[in-house]
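A quick write-up on the structure given underneath.
A, B, C and D label the chains in the order they appear, each numbered from 1.
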Amino acid sequence: MAFLEIDNMSLEFGGVKACQNVSMKLEPGILYGLIGPNGAGKSTIFNVLTGIYPPTRGDVRLSDESLVGKKPFEIAQKGIGRTFQNIRLFKELTVLENVMSAFYSSSNSSITDMVFETGKFHAEEEEVKIKSLELLKVMGIDDLAAVPAGGLPYGKQRKLEIARALGLSPKLLLLDEPAAGLNPTETRELTDLIRKIQKDRNITVLLIEHDMGLVMKICEKIYVLVQGQLVCEGPADVVQNDKRVIEAYLGVDE
Amino acid sequence: MKWMLNLSLVLSVLIAASCNKGGADKIVIGNFGSLTGTEATFGVSTRDGIILAMEELNKNGGVLGKQVELKAYDNQGKPEEARLSVEKLINVDNVVAVLGEVASTRSLAGAPVAQQNKVPMISPSSTNPMVTQKGDYIFRVCFIDPFQGEVIAKFAYNTLGLRKAAIFRDSKSDYSMGLSKFFENKFVSLGGTIVGDEKYAAGDSDFKAQLTNLKSKQPEFMYVPGYYTEVGLIARQARELGVKIPLMGGDGWDSTVLKEIGGEAVEGNYFSNHYTVEDPRPEVQNFIKNYKARFGTVPDSLAALSYDSAQVLFDSIKRAGSVEGPKLRDAIAATKNFPGVTGVITLNENRDAVKSAVVLQVVDGKFKFKETINP
Amino acid sequence: MNDFIQHTINGLALGSIYALVALGYTMVFGVLQLINFAHGEIFMIGAFSGLYFSRYALPAGTEPSIGVTLMVLLAAMIGSAVLGVIIEKFAYRPLRKAPRINILITAIGVSLLLQYGGQLIFGASPQFFPTILPRQNIDLGGDIFLDTNQITIFILSFVLMVILQYLVFKTQFGRSMRAISHSLETANVIGINVNKVIFITFIIGSALAGAAGVLYGIAYPKIDPLLGLLPGLKAFIAAVLGGIGNITGAVIGAVLLGLSETYVAGYISSTYRDALAFVILILVLLLRPGGLLGSKKIEKV
Amino acid sequence: MKFNKTILIILLFVVAALALNFVMGGFAFDMSLLMYAKPTRWQGLISPYYYAVLVILGINIVLSVSLALLNGFTGLFTMGHAGFMAIGAYTSASIVTFMLPTAPFFVQMIVGSLCAGTIAALIGFLIGVSSLRLNGDYLGMVTLGFSEIIRIMLLNIDAVGGARGMTDIPQYTNLGSVLLLAVIVILFIKRIRDGRLGRAMLAIKENEMAANMMGINPLAIKVKAFVISSFIAGVAGSFFAHSEGYLSTQTFTFVKSFEVIAMNVIGGLGSLSGAILGAGILTVLPEALRKVQDITGIDLRMIIYALTMILIMILRPQGLMGNREWKWLSSK
């Protein structure tokens, strides 16, 4: 039984078909890649998974529970964390606070606790802070904890987004072009980090990426999406040699 | 803790400022009114009436050998600002008396302050009975809603022989609501009936829906006790809808603006007022002449009333021979048969002016005297 | 029944006044996504420009005529357009990239400044707007009356709507406008002179407000510096009702608002007449935020 | 350690407030007076005018800080704060006048302000649940609409005076109690901001979509912020009512809502210190500008006020404080 299952999912916007009959089965603890030309609907799949768009047809199930009709924050609470193609950090919060915000739903001090600064409040804040700092350390940006997130260099913002998503303790992590805009050194660094996180925490990762090298290097299984339809799936060598994939890339993309 | 230092600094400045007393060679009087905002036109007229009275007095040597100075504060039509300006007038500017406000709402907000500080306050034109009930230092020189409301009821019923009335009132204005209420009571008790009752809100410009309704009730006349700012348009739109019955109103109509805006539509209509410009008394004729010369416009009833309130105050200071609160209060309370512009003013035991009202009719763009109605 | 017809006539007339103001509102919003709070005040300045023009520029004793009306309209449109451009250049342009709340607050600030500045310059007392258009009261029989002014205004707002519709959908300028309303950045990238288009939009929107001011003065010949407040708000509500940014919608929304205000005052209660507009606003925004003719936009993620 | 310090600060404020109370009101300190005396506010060191200005300052600070929770921290642009203040003011005034006319003033104060806050919060909840799905200008317009509807309804209720306004409301608000309220509210809001709730609010303000993806329910948080804010506005209304002794709907117009927004904006949206500073400036400035009126003879206050708003927006859109906080209000 698959851990996350996309079952024959289609999404239409007023007649425009963004996704057609997409089916995916993700097993726990595996690093998946999702590639495809621009406008193929990769981010759209993320948006369906995270509940931003309800699918027009079909179903999405996490551990056999349908996610269709659930609110985005409910899905996040169930353990799907994500990053965004165009970084969406809380720019005026500090780096540390960004990560701490992800612990909102897992902590439970009440307004009274906050207002009277009870022992429980302090204990919880302390705990969240320690956990958040740990995550920052993992991503190698713990020295910037007190800096407003908007002030970080681009590459570090990408890392912070991942750290923040990890704050949810996700079972499934969706990374939307984490290497976009990074230089080769940074990309290499990030690649290693992603693999390390995935292994250490034993979580499922679904990665959208333009950088073929990166995808081929770390993904155990790759899905190829062309014009809203899955055309191919399998390990790197299978995908690389698939005729439809080559066509799609040669025909459309740079 | 630097902010604490700042706070104490601010406090000490405030305290120091509060000890600053006005000069002793002048008598300072205060006025509060809405000089800006939606009711600014009323506030400005009122202030100008006081200025005229004061300048005339000062030209003739002032009172008790001193010149009079006016402090006029704006309250933007807000009651809380009204209260604050009275506080400032009394406690910072040390005025001997306060003149104001037009609207009963703001007089009600300011009156308790005057009362607590034992500084007399004379409202020129707040007609709600409650205003002077705020205490024995609060007076007014206008008549109150019950009387004015009854004036038109009596006039319509007795003089014109009309039996069916419709009321069109301004729900935002206490004045209009008050007049309507007392008009209704009196008219019904005389034996008339109210066939229709509609509301508008000051600031509206379209009244046709309500007027269409009132028209269909077929009243013999319509009571519209609002201010001239709306009544001109109401009259116009009533005529456009083919309403031919007379409209009647109160002293809020008294302004040249009514004639300008209403044009032919206000012709033939009646309203109650404090005085008539046809009155040959020198008080009236001089006031109109001087006001025109000073401000370039024909005074409305608010200006006349505030002029009178200032005159009553000056007369009382003269009689009291002092500007101390209690003495001045007693002198104002003793005002009897004072020849004001708006009639002969006598203050009764409720500190309200007792005077007769006149009913005027708009004829050929002029307010023609019709009848005097006594209390 | 006669009452109903009279109410309908009244409502349509009121609605067409709202429509005139709403057109300018919706145009500026369409391009800048900005609720131009000062639009009501531009409208007020239009009315005063018309007043002063007819008082001082026209020879005394000029008889009311259509020609005079057109001249006054033109003067008011110029007056308002100049003001609109000044506001755009000095208040809105420096804030083009600022958060929307800042622009909105500036707009409210401009609106207050013009209201109180107006009280200072024009005086607080209401003034009579001269009769410049010959008007006649038509008795339709059965105690129903129709005013020629009402017809004029109704036709004018319809004509203006058609012209605007043409301008926006059939001209190069209109295409640039729509491109900007779609995305300011993209419009910049594809070589549209954004500042120029916004500038012209403000001229047109403000001139429309100026014309509305004069027509308002003709219909309700009492003008004062705070006159823009209520029509401005009502026009905004009308624009929202029809689908803000949508030209036909603004007119339909305005007429619906005028009718419903009149019917409510006529048949239910005049007490809550002014609350009605807000109730409509709330209901539309909560149930159909795009308005009657507007479409729902999908947020880009 | 931190806990002890805050208790100390609160105690310090209580003592300071009581001392002020004693000096300026001269009643709360005397326990025997507490039971029956109506506060006499007209004694002490400073002129009643400045006293009244300070009371209004305190109320304005409370309003401004409570709006900062919405405007500044949660990014909700509302234009209906005057409506909640009106509900609080009228609720408290009615309860005290009609139901507790003879109770000792502190009972009136506590019951009155709690009821005021509760009713305001309840209505805030209803409005919030229905309208907080809207964003930006639209939310502003809807809240403005609600506030106007509230005002028109109050205007037409004869029991609370209608157009005439409500008179003879017991005047027990004094400077000490207002300052105490202000301090409590400031600390309250500060601590909410610094807790997980505040972080969630800021997250929503910064990027609602991302907050959603962090498992934060934006609507729930917004409603919470709205309810808290309207509660405080209601309490402020109650204090206002019992300071003025007179209520009229003319007070609670759109202009009042806008004034409170202006306080936030001038001080700096998103800064608690800014909200306080803004309230201070917009309370003192109009009074100080009365002097200008003495010279010019005409009232330029509103014009200067409007110009200030525009200039600040253009020249210093982040407000006077920007995102900074005074030391005692900063989160660390």
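One rule holds for everything that comes next: a residue touches a chain if its C-beta (ideal position, glycine included) is under 8 Å from a C-beta of that chain, and two chains touch if they have at least 3 such contacts.
Note that the structure is predicted; figures quoted are calculated from it, not measured.
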Report task. Could you pull out the chain whose C-alpha mean position is farthest off from that of chain A? Result -> B
Report summary line: Of all chains shown, smallest offset between own Cα centre and global Cα centre goes to D
**Report entry** Separation of mean Cα positions, chain C and chain A [Å, integer]
**Finding:** 48
Query raised in the report: Counting in whole Å, what is the centre-to-centre distance of chain B and chain D, each centre being its mean C-alpha position?
Result: 34
Report summary line: Chain centres from averaged Cα atoms put chain A and chain D apart, in whole Å, by 42
Query raised in the report: What is the distance in Å between the mean C-alpha positions of chain C and chain D?
Result: 35
Report summary line: In chain A, the residues touching two or more other chains are 52, 84
Report task. List, in ascending order, every residue of chain B touching at least 2 other chains. Result -> 35-37, 171
Report summary line: Multi-chain touching residues of chain C, meaning two or more other chains, are 116, 271, 274, 301
Query - Partner chain D, residues of chain C touching it in the complex - result: 35, 91, 94-95, 98-106, 108-110, 112-113, 115-117, 120, 236, 240, 271-272, 274-275, 278-279, 281-282, 285-286, 289, 299, 301
Query - Contact footprint of chain C on chain D as seen in their complex - result: 71, 77, 130-131, 133-134, 136-138, 140-142, 144-146, 148-149, 152-153, 156, 209, 258, 261-262, 265, 269, 298, 300, 302-303, 305-307, 309-310, 313-314, 317
Query - Residue ranges of chain D touching chain A (in the complex, touch as defined) - result: 2-3, 6, 187-188, 191-192, 194-200, 202-203, 206-207, 209-218, 224, 228, 270, 323
Report summary line: Listed in rising order, the residues of chain C that touch chain B in the complex are 2-3, 6-7, 10-11, 13-14, 17, 116, 119, 123-128, 137, 139, 143, 145, 147, 216, 220-222, 224, 226-227, 229-231, 261-266, 270-271, 273-274
Query raised in the report: In the complex formed with chain C, which residues of chain B make contact?
Result: 35-38, 40-41, 43-44, 171, 198-201, 203-206, 208-210, 212-213, 215-216, 229, 232-233, 236, 239-242, 257, 260-261, 263
